[in-house]
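Both complexes below contain chain A, partnered by chain B and then by chain C.
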Partner chain A sequence: MKQRYLTAEELARIKGEFYTVSIDEEERPPIYVSPEEFLPLMKMLKNDHTLSFTHLSCLTAVDWKDTIDVVYYLFSELLGAYVVVKVKTIRNHPEIPSVTSVFPGAEFEEREVYDLMGVRFTGHPDMRRILMPEGFKGHPLRKDFTYKKPAPPKATRVGEIEKEADL
Partner chain B sequence: MELKDRVPESLRNNVLIVKVDELFRWAHANSIWPLSSGLACCAIEMMSTATARFDLSRFGYEVFRPCPRQADLLIVAGTLTYKMADPIVRLYEEMPEPKYVIAMGSCAIVGGPFADSYSVVEGIDEVLPVDVYIPGCPPRPEALIDGMLKLREKIMHPERVAEERAKWAERKKEREAKQA
Partner chain C sequence: MKAAAPAKRTETYLLNMGPQHPSTHGVLQVKLTLDGERILKAEPVLGYLHRGIEKLMESRTYVQCLPYTDRLDYISSMNNNFGFAMAVEELANIEVPRRAEFIRVIMAELNRINSHLIGIGTLANDLGASTGMLYCFRDREYILDIFNEVCGARQTFHYIRIGGVSGDFTDKARSLTEAFLERVPKFLAEYDQLLTGNEIFTRRIVGISPMTAQEALDLNMTGPNLRATGVARDLRKLDGYSVYGELDFAIPVGEHGDNWDRYQVKLKEIAESAKIIRQCLDKLPEGDIMAKVPKVLKPPKGEVYSRSEGTRGELGFYIVSDGTTKPYRVHIRRPSFVNMQGLDLMCRGMLIGDSVSAYSSIDPIMGEVDC
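Presenting the complex of A and B:
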């Protein structure tokens, strides 16, 4: 089965149902949606019987220096097609609704996006860092990230032999 | 009267007299139980070292223990990230004494190719006291075996280690005197 992206007619139908949706004409046409209409759009894409995008195949984010786009790739086994949904967020205070109520598997991906890009997902059940240790400052995949390595923990209960050996 | 003279004449050829310390060191050095923990690709070489082809059990070191309370050697095989630094310290502190640490591969020694990364600790000696460093990326199983034999020597002859360290300190002083 050849994989494809949504055709212009299918996209036009989605655009008709949502007020804030705008679509770029590209090879993989992304659907831009506002944070307010984002969850209703995802619910519709998943539950609509003619679309049935039941598989969230990718969740990531892109830092464009003035905005941070959160990107969702959904796959429909019914159509054999992908759809790309993007949400623009304000860079200084990026916050969008969590998609875990629609796709529970997005929990760890959203934690990763939060950890590395600093996007907060409201309504997420467990909004903690996932890859970096607790107490790490900053979000490493942002363009303006500068880092100073923290001091690693040091073993305190070392043996007698090691203590003697320390010159 | 010498100790050996107290042994009955008929048993002289069958009795070895050693100090208890030395006996324990000898036994310990020939039956090290490493902790089966690996952080990255060096762990694959470590596993390969234990297989029949390289056969670490020739030296008595094949008893990889899954529990730190039964192990006395921590082979840090791979890249240590900040996230993993706390668990590795905990594993080390749970091991009973006497305990030893081998830094296997360039990542464990200085951070390797990832040293500039925001998430990688630049060498496990920032975290744990290291006994033997094994360079390589990853080191061959033969190199790991050699490292473990070095550790055996270190356990059996602690006085040689002290001598070596004294020599290094002397050389360091000489170097510094030359530079000044």
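Presenting the complex of A and C:
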């Protein structure tokens, strides 16, 4: 089913208010925003009476090998439309402000993105891994992640003796 | 002179519920911080069933991805198949035949009834009313018979495919469905007698774990958990995807957002789902059940976020395509996972025993939470 996305004119209005915002003209036009402008933009999208994007539908991240994009899909029942907000982060040190101060319900999803993609959210109340065990190394959803199987346990002395006995 | 007695001192106590606890519905661990019998904080610990489905999908073709969705929320597999198939169809611009759309809606609604029956049954079982569970599982068998007839499986159906459905809705399936629809009001009346009017049952759930509409919206909750607080948001109405826009049904809502309302909303949704199935059976047109889908499916470059009303709330699939046969990235917005954030609020100030009814009424499926 085709969904409605915010039109280019409506996006242009947002663009006028935030000078670093850039818009990709596509079928589903995303707003690219810098980490500094990100929180004010989200606040405006949620609280502006003509927009009222009050529902955070989807929060995730995509590894593009040189950058990691954090993706937000906001839905407005008032307009019956989505708006897509994307923040590019540096792959070696991905860090963006947490959106939990605007959308408290993003807490677990941000933890998930941190756990699996390694993006740090500053200002998050509880930035820990959520799915992988504590002490796990690496972030599995990154494209360069390879799982190293732990080495098989070394034979104990008893085992060695048993092996000799078998021979 | 008598020495002053040492000042009285209390300490909080940490109790681990699960992951091996019969009432946590799988491998959910909850760390309860207690003050005596009262819960101060409930912290869910997730990940015991994490299989990395999102990562696995990156190395499979779109068609091969579909069976993995069965294993997300394994008691509403049809709805998951439906959601994923819709996302890929939107990405690859595939038009689904009308007959297939109606069959899909019938299956999704049957699965919703199935899932709500398990939700109600396990709630009853956790509160000590094992008979309630047996009644629900008895009625669930009739739905599984229908699924068995159309696709040959009782779980992990893989019936709704990209472009349509895998097998036709036969006459036998139709008669089974009609027989089941006749049973619905009867068994609902039975539950009302057995559970709704049962004093022990109602005392354990009325007014327990309440939640206001604003709190539920702030926590991003969806599905029956949100509707129990009085917010009439249902994606079947809001988005009107598939053929839901042509069907007539109501959105049951609660008032106080307590366990009682969550239970009532599920009961009423069963009746509404039966209404939807009845209309679909009447309107079911003749025709193809599968669109022409290329053998090698290569959606154009781009991304899509497609959501549907799963049995537990908003089930969304976010797919990024790089123009090859395999998705570049798949993210699944799992309603159970997001709803788990409400657990802390629901347990706060309640007794330890009430935490069990909170787990049941929030109705998480760990396969979906951990993905």
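Basically, the second predicted complex is superposed on the first by the 145 of 167 C-alpha atoms of A that agree within 3 Å, B and C clash if a C-alpha of one lies under 4 Å from a C-alpha of the other, contacts with A are read in each partner's own complex, and residues count from 1 in each chain.
Methods note: contacts are C-beta pairs under 8 Å (C-beta built on N, C-alpha and C of every residue); 3 or more make two chains touch, one makes a residue touch a chain.
Only a predicted model underlies this, so the values are computations on that prediction, with no experimental measurement involved.
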- prompt: Which partner does A:Lys154 reach: the first (chain B), the second (chain C), both, or neither?
  reply: first
Task: Mind working out whether A:Thr54 is in touch with chain B, chain C, both or neither, as first, second, both or neither?
output: second
- prompt: Where does A:Leu131 make contact in the superposed view: on chain B (first), on chain C (second), on both, or on neither?
  reply: both
Field: chain A residues touched - chain C or chain B, whichever exceeds
entry: C
Message: In the overlaid three-chain picture, which partner chain does A:Pro140 touch, first (chain B) or second (chain C), both, or neither?
response: both
Query: Considering each complex separately, which residues of chain A are in contact with chain B in the first and with chain C in the second?
result: 131-133, 140
- prompt: Which residues of chain B touch chain A in their complex?
  reply: 82-83, 85-86, 89, 92-93, 97-99, 118-119, 121-122, 126-129, 158, 161, 165, 169
Statement: chain A contacts chain C in the complex at 1-3, 26-28, 54-58, 60, 62-63, 71, 73, 77, 82, 84, 103-109, 112, 116, 129-133, 140-141
- request: Could you pull out which chain C residues touch chain A in their complex?
  value: 46-47, 50, 52, 54-55, 86, 90, 217-221, 233, 238-239, 241-242, 302-307, 314, 316, 318, 320, 328-329, 331, 333, 337-338, 340-341, 370-371
Residues of chain A that touch chain B when the two form their complex: 131-133, 136, 140, 145, 147, 149-162, 165-167
